[in-house]
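Input: one structure, supplied below.
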C-alpha cells in the first residue's frame, strides 16, 4: 500500500552510423546503401541550396534567411521517410525538408525574398506554409492527421519545430490531442541546442525533449540528428506505426545549428567557438562519406559530380526565381477571403488595382 | 552505441491511510495524531461550508457554485501543509483550501453570490482570487515563487487546478518556467476524474498526470487524494524541498468529484451512478474517523460536537455575508486602474456615481 | 415550421448541415454526452456518433489549432468554445493561422471552419463568462464575425457560416438562448453573411445594434420613429445598409455591450463620420459597456447599457 | 545630454530605472547574452547580472504569465516580447488576468508590469514580425497602451510606464529604432502617460497619429497648415487634446498602420463624431492599413499608408 511505483518510462536513444562512419551491425540492415546514397546526395543538394541562400542574402538579393547547416541529416533523413501523400508542417528552418521533398527551390528563394507566392505549395505535394511563430503549427499537424483518421485515409502528418518550440503551450496541446485521438502524426523536434541565444539547458529542465511525449501518453525517442540513417529509421518506423493505427510519436533529433540563428544574428555574441567546432566534427555529411567509402560506393569524382549537379540545379533555380515577375500588389488583398468583400473592392479601386 | 536508454523515470504513488482507516506503519510516523485530528475537524468544517453553499444556491441566495464534496482531503491536507506566508493560487473549486487557511467564509459566500469583494483577500493571507479560466493561473504561481527566490524570501507558492487544467498550454509553460528557474512552487492537481463531462481517460493519454512533471525536469508524484495524511505529507515535503532550493514538485491528488460539476450541471447525463457510489465508499472523512477511533481519539459525541461547532460557525458566516451592504456600483469602475481615467470619471458622472 | 428558441435553432442548423455534408463535425468541451453546457448540441451524439460529435480535452488552443488542421485537410469543423472569454487562449491560432493560411499559401490551403461561442452578459455566471469581444476579431482581416439575434437568423446564419469557405466566428448571445421563441422553418434555408437586416423601419433616427443588445435597443425605441438595423454580420459588415439609413434619418445611435473604447461601435461611427457626415443632424452616439472589467452578477446591470441609458441617447440625438 | 536613437533611449530608460529600483527586472527571449534581437537590452546583463536580466524559455504565454506572478508578489518585471505578433500567445494572460487582478481582488493585488514589444512594418522580416495590434489592447479596460515616436519620448514614456501601478503595453516602432537620432537628457525625466503632444501646431487641419506613422503623417503635411497630434498614449488617450484641436481646425485625418476596420483610428473618429461634430467642416478620414494580412517585404509598401495616400486625404478634407 505505501509508496508504489505506478509508471515507468524509459527514453531511448538511436544512432546507426557514428561520426567515424561506423555502422551498428544490428541496425544497419534496416537502411539500404541506396538509401544512404540518397541521403548523401540530398544533403549535398540541400547544402548547396543553403549556401547559395546565404550568399544571396549577403548580396541583398533575398531577405533574412535561416541556415540549416549542420541539421541536414535531421531534415533530409526524416523528410525522405514520408510518402508523397503525407502532409508536412515545417517551421522556417526546414529548407532541407522541402528540398528533399522536391519542393521547387526557386519558390523557396522567392519566399525568402519576401514573396508569399513562394509558399503556394505545388499540387503534387502537401506541405503547409512554413510557420514563423515558433511551435504554433504543431496542433495543425495533429488536426490534419486526425482528419486523415476520420476520413479513413492511410496517411500520416509530420511536423517540424525546434527545441525552443517545445516550450510552447501549442506544442503540448497539439501533442495531447494527438495522444487522446491517436492521430497518425510524427512530431519532429529539431533540437539544435539553441533557440537564438538561449541554450537547450535553459530552455527546459528536462533531460531530453523526447521525454515530453510521455506527458501525453505516447512514445518519444531521441536520435542522433546528425545521423541521417538513424533519423530515417526512427521516422520511417513512426510513420508506419501512425499509419497502422498506433498513434503519434515524438522524435527528438539531437543535432546542432552550425551557423548563426539567421543572417540577422551574430552567434559569436553568445556561444563559444569551441562548442561550434566540436559539433562541426560531427556534422552529417562526413560520416556518410566515410560509410560509403568503406562500402566502395564513394569516390572523389562521384562526390564532385553530385556537387556539381547540385550547384547547377541551384543556379538554375535562382535564375528562375529572379526572372519571375514581381507579385501583383492586388494579391495582397486578393487572398484574404475566398471572395473580395465590398470594402476590399473599394480599397482595390482606390489603390488603382484591378480585381 | 545502438539503442541506449538515456533517461529513466518512475512515477510514485503515496498512500498513508487506506479506506479502512489502516495506516502504513512506515509512513504514519510522519503525521501526528494531532494533525490527523486537525484534518478531520477541518474537513468537517469545509464540508459544512460546502453543504450550506449548495442549499443557498438552491434557495437562490447565491449563484452557480462548484461543490468540493469528495475532494476535501486533497484540499485540506494540502492547504494545511503551507505556512501563512506562502502564496496560494486557487481555482474555482477550492473552497476547502480557503476554509482550511482561515479565509473568511462570509467573504466566500459573498463571492459566490456574485460580489467581487469576496475575493479581496485579507491582509494576513496571501491567496489570489480564484481563477475561473481553467489552468491559466498556473504561471502566476511560478512567477510569484520566482519572485520569492529573487528576493531571497524563504517561502513557497502553491497552485491548484484540475485534471482538465493539466491539458492547457498555460499549465505546461508554467511548469517549464518553474523547472528552468527552480522556482519554489508546488503544483497541486486535483484529479477528480472528470472535467465536467469529460473523463480523465479522454483528457490525456498519459497514464498519470503526475508524470507530466518530467516533461519539465522535476518530480511528479501521485497521492491518494482521499487520504488527507498522504496529501499532507507529500505537500509538506514538496514545500520543504521548495524552500530549501530544490525547486518545484507536481502532486497529483487522485480523488473524485462526488457531486455535479456545479449547481448548473447534471452529472447523471454522463456518468454512471455505480462509479459515483464506488468512490463514495472511499471518501476522505470515513477513513480518518476509523483511524482516530482505533487510536481512541474518536467518539460519536466528539464528532457531533465538531459538527455542531462547524455548522454554527457557517451559520454565523452566512448571516454576516447576507447582512453585508450591497456593493457600490462605482466599484465596478473604481478598481480597473489605480486611478480613474478621465473617461472613467465621465462615466461615473454620467452614471450618477460619486468618485 | 415550428417554434424554436435560439438553442433549438442552432441545434437544428447543426443537425441539418451534418446530414447534408459528411465532413461537418462538431468538436469541443462537453459537446458530446453532455450535449454542451447550454445543451446546444443535445441529441447530436446519438444521431451522428462519437466520430462526428467529439468531446475534446480542456484545451481551447488545441481545439482551434487542431480544427485548423482538420479544416485544411478537408473536414468542416464546427468548434465550440464554451464561453467567449476562453477563446482568448485560441486567439493566436485564429489570428496568426486560421485567417492567414489562405493568404500565406496564396490560395493553396484554406481554413473553412466555424468557431461557435456564447458571448455576453446573460446567465449571472462566474467571471469571464460574459465577454463580448467582437471588436478584437473584427479588426483582423480574413475572419468573418456573425452574431445572430433571433432563432430564425441564428439557424440561417449558422448554415451560411458552415458552408462559408472562410473562418467564421459565430457569437451566440447567451442571454437570448432561451428567452425568445419564434417560428423557424424546419428545412433548409440560409441567411446570407455580410448583409444587415432592417429590424424596424423608421425615419427620425438610425439605431445600429446586434445580438442581445438589439432587443434592448428596440425596446428603448418605443415612442421614437427609429430605423433599427441588426448588423448580424459584423465582419465584413454591411456598410451600405448603415449609410443608406443614416442618409435618410440623419441621426445615429449605436448600442453594444462591449466596452465603448475601441469597440465595434467606433467603426460604425467612424464609417459614418467619413462617408455620410453631411447628412448628420446630430452627434453620433454610442451606448456601450463601461470602461471596466465586466462585473460579476451583482453589478452587471450597472455595466450593461440600460433601457434608460439607451433612451437618453435617443432623446439626445432627437434634440438636434 | 547626448544624441541617442530609440534603441539607445530605451536602453538608457531601462538602465536608469533598474538603478533606481531594485525590483525592476527584465525578462524575455534573448534579452541577456544577446542583448535582445534589436540590441535594446545590450550591456544590461553585464551591468545588472543574470538575476535581473533574465533569458527565458521560448514561451510568450509563460513570460507574461510568470510576469503577472512576479509583479503581484512585488517585483516590477519589464517583459520583452520579441515581436508584437508573438504577443497573441500571451493575450489571454493579459486580458483575463493582468488587467483584471486589481479589480478581481478589489485592490488587494495588482500587476504593475510593462510589456515591451516592437511593432509594425519596418525591417523587411518574415511573416508576423510586422503587426500593429494596438486596437485589440485599447479595447481592454485595465491596460495602458503607450507608443513612443522619438528618442526623447521613448525614454520618458518608458520611465513613466515602469513606475506606473498598472499593466502597460509599450509598443516600440521597429522602423524607427535606429532611424532617428536626437538629443536625450542623460538623467532622470519622465513623459507622463495619458497625455498627447502637439507635434506641430496648425490651423486648417488636425492630424492624429502615433509611432512610426506620425513621421510619415508629418512629412505628408508639408504645404498644409496642419496641427499634428502625437497621441503617445493610446489608452487611456488624451481625448481633450484631440477635441480641442478639432474644434479649432474643423478637420481631422487619422493615420495609422494597422488595418482600418475597427482600428484605433475608428475610436478617435467616433469620439469626434460624438463630441465635436458641430465643429467639423469635412468628413473625418482615416488613412490606414488595408483589409489584408500584413504582407511580407515585397508588398509591404503597398499595404502601409503611403505619403501619397496620406496627402490625398489631407487634400480631400481641405476641399471642404
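Think of it as A, B, C and D in the order they're written, each chain with its own count starting at 1.
Here is the rule we use: contacts are C-beta pairs under 8 Å (C-beta built on N, C-alpha and C of every residue); 3 or more make two chains touch, one makes a residue touch a chain.
This one's a predicted model, so the numbers in the text were calculated from it and none came from an experiment.
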Count of contact steps on the shortest path from chain B to chain D: 1
Centroid spacing, where centroids are CA-atom means, of chain C and chain D in whole angstrom: 30
Inter-centroid spacing, chain C versus chain A (mean Cα positions, whole Å): 40
Chain centre separation in whole Å, for chain B relative to chain A (CA means): 43
Geometric centre distance via CA averages, chain D-chain A, whole Å: 36
Chain A, residues touching no fewer than two other chains: 116, 133, 136, 167-170, 173, 176, 180, 202-204, 331, 335-336, 341, 343-344
Set of chain C residues in contact with two or more other chains: 56-57, 59, 61-62, 85, 88-89, 92, 96, 99, 103-104, 127-128, 141-142, 236, 261, 290-293
Arrangement of touching chains [line / ring / star / complete / other]: complete
Residue ranges of chain D touching chain C (in the complex, touch as defined): 85, 88-89, 91-92, 95-96, 99-100, 103-104, 127-128, 133, 135-136, 138-142, 235-236, 258-259, 261-267, 269-270, 272-275, 277-278, 280, 282-286, 290-293
In the complex with chain B, residue positions of chain C that touch it: 29-30, 32-35, 37, 55-62, 85-86, 88-89, 124-129, 261, 290-293, 295-300, 302-303
Touching residues (chain side chain B, partner chain C) in the complex: 63-64, 92, 113-116, 132-136, 164-165, 167-170, 195-198, 202-204, 264-265, 269-270, 326-327, 329, 331-333, 335-336, 341, 343-344, 347, 351
Of chain D, residues touching chain B in the complex: 25, 51, 54, 56-57, 59, 61-62, 64-75, 77, 92-93, 96-97, 99, 101-110, 141-142, 144, 164-166, 194, 236, 239-240
Complex contact set, residues of chain A against chain B: 1-16, 18, 22, 24, 26-27, 167-173, 176, 179-180, 182, 202-208, 210-212, 214-218, 222, 247
